[in-house]
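Both complexes shown next keep chain A, but they swap its partner, so chain B is in the first and chain C is in the second.
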Partner chain A sequence: MAASIPFRATMSYSKLFTQLAHLKVRWRGFASSSKVLCASSEETASPSYGNTTERDPFPIFVDNEVQDLLSKITGFDILKVAGPHKRHLEKPKYRLLTDAELKGEMAAARDRLSKRLQIPPYMNPRKPNVTPLAVDPDLAHFDTSNYVFTDVTFGIKDRDRTVVVRETDGTLRIAPWDVRDRMNQIYNPREGKEYLKPQMFDEKNLERMIWEKKYVYILDRACCQFEPDDPDFIRTTHRVYKAVDSAGDHDDLRSTRHFGSLAFYLVWYKMADSLLLDMLKRDFASDAADLVKLYSIVHPQSACTTSLKQLSSDSNLAAVVQVYIDTTSTLSSELQLALQALEDAD
Partner chain B sequence: MAASLRSLLQPHIASTFLQQIGYGNQLTWCRNLVLTKRLLQDDAASIEVEADDEESGATSPKRQVVDVGTSIRYLDSKAFQEGYGDKPVWFHYRRNFKGQIAPKTRKTCVRSGELATSSPCPVCRDEYLVLDAKNTKLLEQFISPFSGEILDSQKTGLCQKQQKTLELEVMRAQDEGRIEKQLPFRTYNYDDYKS
Partner chain C sequence: MITVDRPRNCEKKIGFETRMPRIPLRRSFDIIKLSYHGCNNRPFFHIVLLKNISKRNAPPIEMLGTYDPMPNMYNEKLVSLDIDRIKFHLASGVALSKPVEKLLGLSGLLPVHPMSFITAKRNRQKLEEQAKSQAEQEEEGNADKS
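Our next item is the complex of A and B:
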């Protein structure tokens, strides 16, 4: 395996080895803690709600029907999507357009903005690689620290990159995830990602920011910093979703890329009641029906799904929500009241 | 003597002193806040010098060192409101230079623990302004609300030393999530994550 790795030095050897020496120092600190960290964060990442943690949510998440439902729920408030973003200021450009051209420009802008609502992948935390690739006792104590080898072939994707570690006892392993992430950032830096995890994601600072209700900023920065299957990403986002749900601030995330993730998370762990209530109170009846449909797709074995199937295809939105209230809801009385109010208003 | 000096430097007492000498609410236009304060100190000190002869041997700090907590409280205080109004602290500061094109700002206003210039920069002139990651209210006065970038020292008039401190503290505040920074938009390719 080690021989098959195309290893190209893009810099002079002296420079490379200074970097390696630099890495060694960091590596020692990380090596001892990384496995322990992985294990502990996986435990905290996903709340144990029965056997749902074992299923892989990603195939369901990328399903076209689910994606359609999620993007419909998200909504498209153009003032919010195109709202102020912090970016370098440039002078405005003025152009004279005909009506047809203006229409085309508006359509193009709408198209461009709708891409800003792409939902970050919803995944399970990644598993650590523990099986060694090769054990060479002859190489034991070749040096006092580990060596990291990185495949830097042009055009290779970060997720396909081969990164291996030769440890001091002569074992060759696939690099742990945190080492991989740092190697990727060194050889293929991504804008917005820091080499070391920002202190913002520490428990204390995160707590403060949630209290200040900077939900969207936390989630945006988590997207920039972490891979979607990083236990840290999952821990951070789930923490925020939980806070949003308990504070009833669902509307803060509407028309952002994170609303779909929030809805999927709540449906996945069967906690979507307060979101449904929020939708009904805000007169989003079609969104509420979509959420119930999403629930039936995510949980095909549930009582809600079987009852929905018996419903005729042309039944109205209220009937769909009614099925959910009757079968699975834990806030049934409040939901019933909200639904009643919605029907009376029509 | 030291105790009386310290009490003099409390913001509310300083402001009452300034009111007594006739500045009152025109503090906004008083460019040499610190110098005025120091002159008052000297007056007060010269009066008490005879009384505290035995203490004069002890070295008193030339410039008061203020901690972050006090600075944060100062920014919320009435004294601050009277002094600066709703404008940022650098708003009324005017640089003193010859000609039309402003040169680079000076390296530092404070040398060997003492003001070395008669027109110190907006942060050096007020000891109670401490640039720190926790003092976000002050840091935000030096950041553009539209782009999130730090304003140029040519605009704010900060000395090079304070500008460097400002940049470091803003980075620290962004790392801790106290100040929001520019973030690029990350686009995902779902096919990469299918395995």
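Our next item is the complex of A and C:
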């Protein structure tokens, strides 16, 4: 009996409470140290990256102005957003509405559909946590397998969840990202996400699917499967964006949630010329001007930005695009022709 | 402490004062322990809050986590803990069973249980002995060949 209740039997309350206080400090220390770890790893890892990834794109991406521009150029083709898709057979419902009611219904439907166009965040890949929380050589070989401890406190979010691993050599460390993702899927399963990474994201199969031009399918599936700062997500999406850009299939992604990410990616790596050409050819002059504005926000030091500032605020869209063609474009002759054609048509 | 139960109306009828001493009731308190929810050859435990006198798989007062003692394909044993509630119950002076104490010790929530250190030491010794005997066998084999 005494063996099964060690705290009552062997420990006085005061001792227990001192231990608990110590414990609280430990867990607080744990949380803060994990933050410190992230910060320090970012500092150390950044110089090894190239010039463009040195900056963190996320704060620029979530800026309100940038989000507005991105959602504007995404467009809203209702047939594409709410287009035919598989669903269970249901009887249609008929209702008699006044004109005002119909207008309200349409507006509500539009609101509902616009949520489908939420752009997935554009982030740098996450860094691994390498510093252990506790090293205990006396505990080595306590078991033949690792123990993974997951916090399942009510109401905790997947991104804030604490997951720690006690390894067989006795060290306690914050779980690696892949373990964390698996634990999240086990204890908080999400629809559309698989426990094991689907084979379609392997290099070979991905290339085949890109060749078949299943861009939207790949991107949708990647959004379900990965976190936005997962290196796999970034690798997959960037590969698809590159393929879309080189094949000139920008229109496939228009009016889907991925168009904003595509545009941001192309602008971030200064490859937006063919997208701009596509916009001009399809008579999206305002989109083209928005793209140039986006370029000037993302690259504030560029020549394009300085000459854009000299333009008067009421200058027309063509002038804005013209500035981009003059300063930064690599396809300037073709862009010039397309712009000319657009102006002649007006 | 032995309490003698004397029903008053019986006393007069039977006519003698002393009766058989009763066994006192067990002291009842809350305890966090494991309850078995697997099936044959597939153990799986819930970490639950129960009265110490209730049955192992009695409906728990509160469920505080799970423990899967069979390693998965990545050689991991999975434990989930409702940290907030466990801390609350610890603060209100709940008892812990030994396996739960060990798990919480490994998780870093409590200090590591002394028994974990002892098993670790024994395992290490066993491994050393195995390695030693293996080396001896190999040496003998080499000697036979030469």
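The working rule: the second predicted complex is superposed on the first by the 296 of 346 C-alpha atoms of A that agree within 3 Å, B and C clash if a C-alpha of one lies under 4 Å from a C-alpha of the other, contacts with A are read in each partner's own complex, and residues count from 1 in each chain.
We adopt the following convention: a contact is a pair of C-beta atoms (placed from the backbone, for glycine too) under 8 Å apart; a residue touches a chain by one contact, two chains touch by 3 or more.
These numbers were taken from a predicted model, which means no experiment stands behind them.
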Query: So, A:M200: does it touch chain B (first), chain C (second), both, or neither?
result: first
Message: In the overlaid three-chain picture, which partner chain does A:F154 touch, first (chain B) or second (chain C), both, or neither?
response: second
Field: In the superposition, chain B vs chain C on chain A residues touched
entry: C
Query: Where does A:L337 make contact in the superposed view: on chain B (first), on chain C (second), on both, or on neither?
result: neither
Chain B versus chain C as contact partner of A:A247, first or second or both or neither: neither
- prompt: What is the contact status of A:I297 with respect to chain B (first) and chain C (second): first, second, both, or neither?
  reply: neither
Task: With the two complexes superposed on chain A, say which partner A:Y187 touches: chain B (first), chain C (second), both, or neither.
output: second
Field: First (chain B), second (chain C), both or neither touched by A:M271
entry: neither
- request: Please write out, lowest number first, the residues of chain A touched by both chain B and chain C across the two complexes.
  value: none
Message: Going by the contact rule set out above, which residues of chain A touch chain B in the complex?
response: 58-59, 62, 84, 86-89, 115-116, 118, 120-121, 123, 157, 159, 191-192, 194, 198-200, 205-206, 208-209, 214, 217-218, 220-221, 223-224, 228-229
Message: With touch defined as at the start, can you tell me which chain C residues reach chain A in the complex?
response: 29, 31, 52, 65, 71, 74-85, 87, 90-91, 93-98, 101, 103, 106-112, 116-117, 119-121, 123-124, 127
- request: Report the residues of chain A in contact with chain C in the complex, numbered from low to high.
  value: 3-8, 13, 16-17, 19-20, 23-24, 26-27, 30, 133-134, 136, 138-154, 162, 164-166, 170, 172, 179, 182-183, 186-187
Query: Where on chain B does chain A make contact in their complex?
result: 144, 146-149, 174-177, 180-188, 190, 192-194
